[in-house]
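There are structures below to look over.
You will see two complexes here that share chain A, one where it goes with chain B and one where it goes with chain C.
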Partner chain A sequence: MVTNNHRLTTKLTPVLLGIHVVAIPLYPHLPLQVLLVTAVLTLWTLLIISGRISQPGRFVMLLLTMMVLAVLMLSYGTILGQQPGSAMLLLLSFLKLFEMKSARDIAIVIFMGLFLIASKFFYSQSLLIAIYVFVVVVYLTSLLIVFSDRLGTTRFKARMYKSLRMIIQAVPLMLILFVLFPRIPSPLWGVPKDAVAATTGISDEMSPGSINRLIGSGEVAFRVKFNGDPPTRSDLYWRGLVLSNYDGRTWRLENAPAEALPLLVPSGDEKSRYRYIVMLEPHNQRWLYALETMVEYEGQLAVTREMQVLTRSNVIDVISYNMRSDIKAENRGLFEPERRKNLALPAGLNSESVSFARGLFKNSNREDRTYIGNVLKHFSEMGFKYTLSPPLLGENAMDEFLFDTRRGFCEHFASAFVYLMRAAGIPSRVVIGYQGGAMHPFDDYMIVRQSDAHAWAEVWLEDEGWVRVDPTAAVSPTRIEEGIEHAGLERGLLPSILISDNVIIQRARFMWDSFHNNWNQWVVGYNRKRQQELLEMFGFNNATSSDLAMWLVVSMTLAGSLVAWLVIRRESIKQVDIIRLYYDRFCRKLERAGVPHRSNEGATEFMARVVKIFPANKQELAMITGDYEHLRYGGVEDENRVRRYMRAVRRFKVKG
Partner chain B sequence: MSATEPKIRNAATEVLQRAADNISRIILGKDEQIRLALTCLVARGHLLIEDLPGVGKTTLAHAIAQVMGLDFQRIQFTSDLLPADVLGVAVYDRERSVFEFHQGPIFSNFILADEINRATPKTQSALLEAMEESQVTVDGETRDLPQPFFVIATQNPMHQIGTYALPESQLDRFLMRLHLGFPDREAERELLQGEERRDMIEHIKPVLDGVQLISIQKQAAGIHVADALLDYVQSLLEFTRNSPMFEFGLSPRGGLALLNSARALALIDGREFVLPEHIKQVLPAVVNHRLVNTSDELEIKKQTAADFISASVPVP
Partner chain C sequence: MSFASIFRLPDFTRQPAFRFISKRSGPFDGEVTLDKNRVYILPTKTGILFGVLLTILLLGSVNYGKSLGFVLVFLLVGVGNVVMFATWRNLAGLRLRAGGSSPVFSGEEATFAVQLENNDPSARYSIAISQHGKEYEVVDVPADGVGQIHFRKKADRRGLLSAGRFRLYTEFPTGLFVAWTWIELTMQCVVYPKPVVNASLPAGDSMADGETVLNGAGLEEYTGLRKYQAGDSWRRVSWKASARSDELYTKEFAGGQPELQWIEWKAIAASDAEARLSIITRLVIDAEAGRRYYGLRMPNIELSPDHGNRHYLQCLKVLALYGHE
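After this line comes the complex of A and B, so read on.
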């Protein structure tokens, strides 16, 4: 027992390594205490492996388990949920290493590892994670091979190769399951709610600095595939949220009641209509981005009176949605409460700005349009500067920005513009979202990055409804027409993907993005709809779940038969088929009689063993064995002998 | 091996059986070793006998030589033995003004290289090279050794001061390595009662001669080996190469050794073709000295390489 245990523990190093490999992506998410426990348990295991200390007893194990649970409770306040759950599994895997008694215990740890590795997909479903998971699964399978091999004979390279071969052999079955398995809409399964903890992206409020914080990120916000040509760059306003409430520093949402619907007037001009699919990266928020002005959508979405598009729950998977936008459509709805809301200003602040607005409005003959033009002219001619590193602003932020610093990013201009409008009595509000997007150089979709984040304004004109005005365009027209990387901003603050001059790296990045996009569409985003589309491509229309289940069973059976056929064929090519098959039959008869043939035993050896047990059969045994050896190893073909041999095997019965 | 089939009684088998019988009358209770030693001879390989002094290594070699009717030379290896003492030397003949080659003891059909590990590596390799190539090169002139050519080397397994144990790479040149071991009680009693073994050897009649032996060797090389058994040999080789138990797997030469020995054994056994059992029977003698067991696990360490391999590889 002791030696047996010792023998097992010395083999634990690869298993320990396996647990760590599984846990690598988990580590950044773990609290410090849990990491410390991990380190202590690892050291302890290493000491056991080296034989310096023995495995802890039952009492110590109990204490350790309680301690681990206590640490988890302290760190998370619970042991339920996705993160504490994975942490607990990880720590328990380490503890399991302390009580290895048989190969079965090791198998348990490896299975726990496989479960843990599957939970990686909670955090991310990207292609990189998939590749990583694949490698880890190959490694863990190779460990299973070692421990299920009684003699532990296979070298690292050989067993990795074997494992890889096994996994690759399983791929066709995996594909069948993936393609045909009935897709059931969440929440029955899907990513748990707490999965996407921190994501970059626009938040639901705007204060100075909140947009330019995003500019340094080259991360993809969403990808768009247009049905036909995309609009020109300066029309690419991706509307996200509308912010109406201003407290002197921060703009916030203040939505109309949900039952109030927008009042849209389409332009009727086919040329201004665009049909497209957006593939949105998870941003853990409810709103979606749509090209202004969205007039048609598919699926269960809600559109607010402010023309914000909302889903039912936060976006934690890559999702895609079909839309149609009319860039000239008008939004004509304004109730009285909305007018009041979009004129409200915090009292007692920025008096200088207010009087400036009133003066300018008066000079503009109280004409809304003239006034707007004058304000934009003020921005473009009075030395305002578009910059990623604006100076900090104090209590009267608007006054300081307008008359003192005059340096700001889009949120400053949008904010100041709306402020000046409201001060002059024109209803107006801030819109945040993305502006621009770059066509993929060799794939036909557009990439919109976090660095395209933008804020602009909307003003209410009695005869046109809500009209978009982008004050940034007055300060830096190139930002809107050519994109952020051409707007003369500080290059060091822009993401490298936008400004890199290395053609090869750029190309590689775009290729990776293409890859990633396909992965998102066909693997991560493979839902019921995609499944139907794919099956329609093969001519199966309107497949129900039970149809799918049936096809699944049929194709699995077919695949299984194919594999079985291949195996049998390979075996029969290797062996003199009928002779060997009959010998197997002979062995089965003896096995039923209680004398199984050992795989490493020659026919004569086997016979010698059998004769001792069933001496009465000696003659038949000798004949069958002799014929078998002749036919199988003798290299001479003899029809009569084959017949005699087959007959003898058929008639063979154990006597006594 | 129990008879499953009336064995084909061909002349070669009969002669070899008679040789084995004659030898086993002198070396008592060692039938298996005698059979393998003859197998080695028929497979045109060389034999290494590793055992303690006094268990009959030299007697066995002597008896085989006598039975086979081969001319026999014994070289006692000592630390001052030089390569020239084994191979021969060119001596200047004053009268004819030429160098004349004086053949060393290696120029005979049957060599007993006694206690080979006592000689220096230089002398050892002179012998081993001659064994390998069946020829000797002295002073730039190559001379063929007589055929058949068979070497039995003996080695004392104990580590003694002033000995040079053959390294693994040299051991590979021996087709087989055998251990004799102590005789069992019955055989030992007979040994103690009977007459002097050396005298008995003098009285054995040869059962064949060198020419016959060569034809038997040729016959053995023609024994049929089924594809299934080539698979088996390849599986065995592959297993030794993949198993962490061994530092290195068997070489292709090891594979050929296995096959040729199995053929020779099949001939001795009166078979027209090789059976898996033949391979398994020669396995310990052929592979144990070629494989270094590096396993640190006691359970595996205790087994010999051959036991471990044949337990692990299924017979096709």
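After this line comes the complex of A and C, so read on.
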């Protein structure tokens, strides 16, 4: 096959555009140097297309490749991994354009584009990304059309239409494969470390301000579907992780969580038990959130002695898990090393707080319960304020907070409370997670947002085990009972979704969330389990992989036949040929004027004959005949010309 | 490239790979419709590369558990499937008709035309023709319209040259698949003998024997114009007069005695029949070029002296087909 090199370069513009379309979502993540190289290579390609410079030779190509690799090494320090890999694919696509020799080279660039697109799924699998990918696939397919159209006669619009049509025809097969293709647990091999988008959410440590900063985010942390009615709001404590180590400023997770079952004592009260499914947004951490106190779970999870639920690897995609919780269950597990840990305080700091705690404990008759009550009373009666903008604290943070500033957010109260407990010899620890959650106004699930992030405390009472105490509730009961938006906090710092009064926008937001939830469940979270559930809905129980394979083959054959029929079928009724119809109309007009069109006469001959009889109409006759021949036999697809032709026929009138 | 040589596909483009394909390829008398069992399809190298890409993407999706990865891969699998039918459809259903071919001299290339008739309401794009692995032309066929595609074949011998089997193929709309057909239509091209470089008539044979009637047309004196008739020499067309109207006009002459010439088989001295035919061909060409009246006397046929294009072609045809009837 002979392909003219010059003609090929003139076809490069749409490919160049294609590379940029593919790369748009990548640009915000690219380092400046890489962006600069991208710009330079784009300009270079444009110069080649315009014919101002020729394609670079082998030596220049080698130099360019080395330069590209060097820039990548400088920017990322490596060329391995997801991000440098994407950047490399992008830059190499340009180089491939430079050495374009045949249509096959273009195909390679297009395929590289598809890889680049696929790498976006590491960052997001949202519906918007899916729509974007669909558009890109339509465009890339239209590029394939450009290069298989060897005479270059197809028009841009026609190509896009053809491409769109082919892709819509591909959807049935895609659906069948998606539903029936056997899913196996991933990963088969490793996942690149940088293959995760930046996430918001609770981190594995807590210092003043760390929960506070989440409050402004209306992002969804997870969604919950209860089997039956949900508990009341003040019982919605979503336990995340337990922080026991305090260094005077920051609370940290115990380094090696012991994976042993805690000693749980269920309440035996059916009314306090709840079954639910959590659909967790990716937070790139190992822990899961569960309603306190979780008593049963499904799947490959681990539960630590501190009642933290862990997955095997970091959550980087939407996952869902079934759980059962008993809000009145007791946790009776405390072992000696744990007791020591949960009493430890940093030495030499906050002496005022320590002596205050000892004094108060003595005044409480060394009764744990009385002491706890007195501490909470101290918070609620001594002018403590719940605020999103607490003052900064110095070295003796606890002293300053308790006796000076008295203004803080939940982390300040939880931290101070645990400090005072430990100072009095009561084992206690900080728990962080979410508190609350709002039912979707017209769907049957609950949304828990980042703004619901919360920190509370747990104390060990010898006769009851670990007991939850939320000091924030003493300061701001409405925070717990009605939610953060009613807690009298600074409204400007809260996410707009919580405080907006615009009903239409709120409604639209919730509709979108509902849609997003379904998308997450049925597309992003579609896995082996969902597959089984779906098949059970159609009456197929316990489908094995080989059953799936069989159904796959059967339905693919059916879908294949459908597509074959769609693509191949002959049009039974021929498309009405508008050009021909108008020509007949034109002939009828002339027939009425006394010049009938003879059946063996071509359009041009006919015109020559008519011109002799009606010379005054010469111009219109020539135009109509010329347009007719071009449009009908010349393969010309020009809408303007069709319109001109039809208008001319309509207005045609014999003169003289 | 070593890569290309490892993955070289069996070359289906030079001749049909299987007997059943050759059996179905004709020859057909005049015309044939490309129905479903005559159009074959396979992925191109690009198509195979596409398959490799899909496999890698699928493995990636399985490994990273990315649902949208599955969606993308399966959508592309679907596209591949649609494209396969679309490519096949771009060729199947086309009606082929044997087109004409102008006679050539032996040693030249004969051009054969094939008419492509598209009865669909949509156009067909980028249909190519090849013979013995060599591509000759790429054409589009408009919706409900007719196109023409040509291929050339070297004429080695005088006589009738059969067009032979050709390959019609297309990669449109994506280049991932190639659909093709092998067809032979009964098409023949007249091949004139190859003229020798120069030859002269043996002396004494060139004069007319007086019996020949020359339609009263002479060459000396210009008498006027008349409408062009087929067979008139192009040299006598009055271009000036023709340019002023839609018709062609021929200049008429009267008086004078045109030079008459008999070209006789017997009179030519040559080693064999082919050599003799080559010499005669040269003589005919020269006679026509020299605006002489010439006749041809062959062992089996005699053409009385005349001139003009029609006579000229008739003589050459007799020479081309000598011994073939």
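We adopt the following convention: the second predicted complex is superposed on the first by the 551 of 656 C-alpha atoms of A that agree within 3 Å, B and C clash if a C-alpha of one lies under 4 Å from a C-alpha of the other, contacts with A are read in each partner's own complex, and residues count from 1 in each chain.
Criterion: a contact is a pair of C-beta atoms (placed from the backbone, for glycine too) under 8 Å apart; a residue touches a chain by one contact, two chains touch by 3 or more.
Because the structure is a prediction, the values reported are computed rather than measured.
Chemist: Is A:D317 in contact with chain B, with chain C, with both, or with neither (first, second, both, neither)?
Modeler: second
Chemist: Between chain B (first) and chain C (second), which, if any, makes contact with A:I49: first, second, both or neither?
Modeler: In the superposition, A:I49 contacts neither chain B nor chain C.
Chemist: Does chain B (first) or chain C (second) touch A:Y633, or do both, or does neither?
Modeler: both
Chemist: Is A:F181 in contact with chain B, with chain C, with both, or with neither (first, second, both, neither)?
Modeler: A:F181: touches chain C, not chain B.
Chemist: Do chain B and chain C land on any of the same chain A residues, and which?
Modeler: In chain A, positions 151, 153-154, 574-575, 632-635 sit in both the chain B and chain C interfaces.
Chemist: What does chain A use to touch chain B in their complex?
Modeler: 3, 7, 10, 151-155, 158, 574-576, 599-605, 607-608, 611, 622, 625-626, 629-630, 632-635
Chemist: List the residues on chain C that touch chain A in their complex, please.
Modeler: 45-46, 49-50, 53, 56-57, 59-72, 74-79, 81-83, 85-86, 88-89, 92-93, 120-121, 123, 125-126, 128, 135, 138-146, 171-176
Chemist: Mind pulling up the chain B residues that touch chain A in the complex?
Modeler: Counting only chain B, the residues touching chain A are 1-5, 224, 226, 228-229, 231, 239, 242-245, 272-277, 280, 296-300, 308, 310-316.
Chemist: Along chain A, where are the residues that touch chain C in the complex?
Modeler: Listed in rising order, the residues of chain A that touch chain C are 1-2, 103-104, 107-108, 111, 114-115, 117-118, 121-122, 125, 129-130, 133-134, 137, 141, 144-145, 147-151, 153-154, 162, 166-167, 169-175, 177-178, 181, 184-189, 191, 195, 317, 523-527, 560, 563-564, 567-568, 570-571, 574-575, 577, 632-635, 637.
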